[in-house]
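Notes follow once the structure below has been shown.
To keep things simple, chains are lettered A, B, C and D as they appear, and every chain counts its residues starting from 1.
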Amino acid sequence: MKEWFSDRHLVFLVAMNVVVVLLATAVSGGLFIDIDNLQSMGGQVSELGILAIAVMLAMISGNGGIDLSVVALANLAGVVAGLVVPHFFSPDDAPVAFTLGFVGLSLLVGAAGGLINGLLIARGRMTPILATLGTQLLFTGLAVGLTNGSAVRIGYVEALSAIGNETLFNVPIPFLIFIAIVALVGFVLKRSPFGIRLFLMGTNPKAARYAGIPENRMLVFTYTFCGILAAIAGIIIASRTSSAKWDFGSSYLMIAILTVVMAGVKPEGGYGRALCLFFSATTLQVMSSAFNLVGISSFFRDMAWGALLLLSLASSRFDLRAFWPLIRSPG
Amino acid sequence: MNRKLICSALALAFLGAAGTLYAQGKQQTITTVVKITGIAWFDRMEAGVKEFGTQNAGIKTEQTGPGQADAAQQLRVIEDLIAKKVDALAVVPIDPAALEPVFKKAMSRGIKVVTHEADNQKNTMVDVEAFENAAYGARINDRLAKCMGEAGKWTSFVGSLGMQSHVQWAEGGAANAAKKYPKMQLVDAKTESNNDATKAYEKAKELLRKHPDIKGFQGGSSVDVLGIGRALEEAGLQGKVCVFGTGLPSETAKYLESGAINGIAFWDPKDAGLAMNKIAKLLLDGKTVTDGMDLGIKGYDKVKVTKGPGGGIVVKGQAWVDADKSNYKQYPF
Amino acid sequence: MNAVASALKGGSHMAGVPHRGFFARHPESFTLVLIVAVSVIVGSINPNFFELSTVFDILRSSTVTGLFALGVLIVLAAGGIDVSFTAIAVLCMYAITKAVLGYWPEAPFIVIIVSGAIIGTLLGACNGYMVHRLKAPSLIVTIGTQYLLRGFLLTFVGTLFFMVIPQSMDNFGRIALFNYRSATGATAILPASVLVLALAAAVTWFLLNRTLMGRAIYAMGGSLAIAERLGYNVRVVHVFAFGYVGLLAGIGGIVHASTIRLASPFDLVGTELDVIAAVILGGARITGGTGTVSGTLLGVILVTLINNVMILAGVPSTWQKVVIGAFILLAGAVFATRGKK
Amino acid sequence: MPIDTSTQVGNSSLQDSGQPFLSAVGIHKRFGGVHALKGVSLDIVPGEIYHLLGENGCGKSTLIKIISGAQPPDEGHLIVAGRTYSELKPLDSLGAGIETVYQDLSLIPNLSVAENVALTEQLVATNGRLLRRYDRPTLAQTAVHALEAAGLPSDARFRDTPVELLPIATRQLVAIARAIATKARMVIMDEPTTALTQREVDNLIRVIEGLRASGVAVLFVSHKLDECYAIGGQVIILRDGEKVAQGPIADYTKSQLMQLMTGKQLEGRRYRANANWGEIVLDVRNLGVAGAFDGVSFALRRGEILGLTGLLDSGRNELALALAGVRPADRGEIRVDNEVQHFKTPAEAIAKGIGYVPEDRLSEGLFLDKSIRDNVATAVLDRLLGRFGMLDAGKGDDLAARTIKDLQIAAPNIRLPVQSLSGGNQQRVLIGRWLAIEPRVLVLHGPTVGVDVGSKDTIYRIVQRLAENGLTVLIISDDLPELLQNCDRILLMRKGHLAGEYDAATLQEADLYHALIGDDAEEVRA
């Protein structure tokens, strides 16, 4: 039943991708599937997609799990690394060392921030929504305080810049990172003891405890992992913008949550698929880029996103196959 | 169902092949990207953008921007435009630093880049400034000082600590007061209003409680003066406390009338839009802007050209406008 | 059955029932303690805090948040969550302001606020119907409607500020319930709009505690399946609970525009999580079935207070977010450990 | 208007006429391809007690749901108090005076006792219109009467306590109080005694007898045949969706009933063959948990099956939780294989080979919408690894397949969610989870709660086989025949202390029962 449902949801998401791409290609006269546009979309979808994966993991862990601090933490990681690393490695003389230092420190900050979330939720028994709202303010506030609110300019560092802007076999590196993370998370969720335990814990925390699943350790680990994912998004952002700033991506949080719920993740925990999340993220991205290309306002984009989400709900409730002939022949 | 998916994929590939054969028109496109679409300020700018388009055959002008004032959303819009292969971009960056790589990419693909309100932007060909930010802040501060009798407590607001121009105005004002008016005392500087009139109102109330003897407010974001003005009006302090800051005549009208706001300053976004597009056209034609040049736009009739922080130049006009109760009606926006 | 036997059995029936302390039975009293603590600390840093105008300002700032929070309380108590109420509020506020200015500028305030209430209720009821009909988690449905409604507003209704709002709204925003002139000559006003909050709080309290609907809401929040089995019409309860959020959101939107005397379509959306946090800090559980009106009001006041004393307490603007975040974590953590027996 | 509910309950003219209060006529119900009810007809007469018996999956719960209005029948109709319905809605059913107490008791956990007892009456009175003011004084009054009639305290403190804080036995009585408050004319109880101790069952039976005497029809669903005999009345037996027998229970012997239910020959026998015990595996010394029990010492040998029973406040539950590491002991020590252990989490207890099958299978044991395989493998995921530290799907499948075979679990596919199984099979999945850890000691807490007769038999045989193979088993149960049938020794706890140790082979049920009730019984009877 569940497998069937999720498959149907996956089919819906893939179908939406195809429909939007076909429509946009037709309307734009092929410009939409031009390599430049595909690369541009691939680069854009990654940071949001990675943030959404973090939110998804928190949601799977159950008990009202959610991570509202991911965007703040991504920015904080970039800000801290951008402020500290230049004191140790010169971006001009040792670009590779600088980049490694930047990546390392960002991940460290992300892990530390995630650890704080995990401890507050596991040890402090705080409601995740409240705990991560508090840390969201805390992380943002730290980033503001450390920089007086202005952007930290990192400048052009070849190796670091490559992470966000270069391509490998014509595929943007951020997109490769995103795919790698989707694959990794999908594999871990499905095949690792950790993943199985996370799903079980999200389904029934009490039974999980009786079954010897270490609830606290699982929560701390999960939120720490969320923090690390946030930091990876932060690195990509820093690389794509050559800078770090506390208010970058202020609209990302809601979009990340939208991506997650559109992927069919249950807010009450215990269910979520990385592959669905991937297609959910690409659907939103493809719609967004298509509207930009055709010159439709981004307000309309928001409206279309909302409508699509409600449609996806309806699709899992009602059989939309009756509409297949309509969807299949656009334009 | 799988077969249907495969069919769809094939159809997609076919359409793609057809699409690449489709040639673009020869008209050159200048796209203006603003901080956020829909608000009065940038609607006024759009008037300038459209005007330029109608004046210049062979140039297609359009304006777009994100729905939220988020640097990330603006970055995405610009990336999509680069993929769309526009000929020139005229951008009002939310966060200049965040756009450096994308502008670099745009220029490397032969797209002309003009910016506005971003005098620290490295990767731009021309940055157009209506004026010098610090000087603008100092000028507002001078008017405030005169109103306050050059003595007493005053404070400054910014829309957000992340908005560099707002911070420059506040700091320009502070430096000016420190230099010229020793009896003026700056308290709790750079209060954030989050670009929200309600928040500005609440913060102003709190400041009034903390400093009952405060004499002046310098607003940053264009909505700051609205919130401050309302707070003063309610406290019955209009006329007793001075309020100056950036603001739009249409939005501040009723407070200017009531005296809760003493004066506003601004530059005409329509002219800024015209100037950006004009310069973009020059760049497309292979020309550039020189010191003292007349762009044929009010306030930009004798521009000052300096070298920018990167490879490009900074073009500064004298396009600021001071307005108060007596003359705000001359500006229909 | 004699008295001895029933007394004996009474003992065994209550055996194992943990003795619940005062704070456990009244979580909202803990919020009150926090409010007092913050007041004392800020007051000792800056005596200017202890002024009547502080109370007025906090009440005024709490009005619209409070209206939203009462709605959120109902939905949380019913076992759901709503993040679309800000979008409903801003849509009602802006669309009605625009319509009134365009077609009937002298419309009386009562007409304006009633139409806000009606539109809000209808939009909220749609949420409730979808939650029920699609058997979907309310978080998902309301994220969808938030995007849908705000997108609709900005695409089709308009994007420009109205600096001049209808006269009757403006007048309503200026009605003073209480005037007070401080020693420094500044006037502090308690606006009549707080009466709307007081009225809404009273109605919500009555609804929750004196009607079958209130019991049905808590019952559904406790267990939807059992409530349905016991004969509660959960479709009606869903539609009612979300419709009530919409009602309060619609009224809140109109009151918001009236008090700030401008209508901006970009307003309000983005504050929904803060409102939910305030309700949780007022003792309601995110898992549903609990929450009181008094706790919710105290939670709103606590959050408003902490946001409005940063300057008074002398926190520089660069560090204010850190302090507020740390405070929420502290309050939340103490709240959570208090919940443990 | 004050009503003395205790006397007016079920007062109806129908009682005297001998007319049925409810008739079900030719009820059919299908779920997909499963024909759950195949034309069941029955009559319920006021003032009579019925026992609806049958194995899990025989259609009992479907029938109850149709009578209570939770599901519509596909064919057939119901006649309630003279009115014919092709389908009942929950509110119709309640309004007609049918009160259904499901296994979860249908109590709203966060509402107070008074509200749970008396709200339904007001809901019925307003015909489900929710925007009515609810009458708090009447609510309190109704609640007081009903609580007193059910033998519960009726003071304000008790009335205002949220139901979720009450012990399960009290909740059961609260549910009955609700039936009294709604002036029910028919009460359906789905396995009402599963979570109750013996004394609480006695109390419940007394209350039900009171209901019956005042003309209420009572329909029981139960797996405990001994209790059915104790209560008396009619039996209705369902098998595979058909009614196979109905008549006074006294006309049937226990083995006849079992044969009718299962279609095969079963007998209530002692399963335990004297086995050879080995060395001491579990040694508990002076164990104590503050406020629950203290000074508990006993030792368990390899291959031994020990029973433990006691009233709800005896501390037996807490002792089980302490052994499982769920609620750490405050005093004393637990030795496993002569090593002192201080379990602070279930994981530590599991690491030392203690498996704990909790009492509440649904909320504490199973992950209902996860697969059988995941449920079985939960505690041993680390042993199923293949390359890169990832799970080897084959190993997991093998484990699940082995468990299904060993424990005779009726499941077509190991990937099916556990909730698709019957209670007995679910319980075996749970036992399988703990067998997978190759435990030294298996603690079974209420191993056959809600399990039908056939499955019970299977589970007992499995437990015996495990013990013969050297597993040490501790069974904590209220089901005295179960303990007598399965254990070597039986420990009795009372008020937080060990109060007796008995040899199961020579012990009579009546003696154990008397020891369990102890002095309290005398006091209550006085």
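Basically, a contact is a pair of C-beta atoms (placed from the backbone, for glycine too) under 8 Å apart; a residue touches a chain by one contact, two chains touch by 3 or more.
Because the structure is predicted, anything quoted here is derived from the model rather than measured.
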item	value
For subunit D, the least number of touch steps when starting out from subunit B	2
Identity of the chain that, by mean CA position, is farthest from subunit A	D
Between subunit C and subunit D, centroid-to-centroid distance (C-alpha), Å	42
Where subunit B and subunit C are represented by their mean Cα positions, the distance between them in whole Å	35
Chain centre separation in whole Å, for subunit B relative to subunit A (CA means)	31
Touching two or more other chains - residues of subunit C	154, 159, 318, 320
For subunit B, residues contacting two or more additional chains	37-38, 67, 161
Set of subunit D residues in contact with two or more other chains	none
Listing of all chain pairs that touch each other, if any do	A-B, A-C, A-D, B-C, C-D
Complex interface listing, subunit B residues touching subunit A	1, 4-5, 7-9, 11-12, 15-22, 24, 37-38, 62, 64-68, 70-73, 75-77, 79-85, 95-102, 104-105, 160-162, 164, 167
Subunit C residues within the subunit B interface of the complex	46, 48-49, 51, 53-54, 57, 61, 154, 159-161, 163-164, 181-189, 256, 260-262, 264-267, 307-312, 317-318, 320
For the subunit C and subunit A complex, residues of the former touching the latter	130, 133-137, 139-141, 143-155, 159, 270, 273-274, 276-277, 280-281, 285-287, 318-326, 328-329, 332-333, 335-337, 339-340
In the complex, subunit D residues that touch subunit A	324, 326, 345-347, 349-351, 356, 358, 363-370, 374, 377-379, 381-382, 384-385, 389-391, 393, 415, 417, 433
Interfacial residue positions of subunit A with respect to subunit C in the complex	64, 68, 120, 124-127, 129-131, 133-142, 144-145, 148-149, 254, 257-258, 261, 266-268, 297, 299-307, 309-310, 313-314, 317
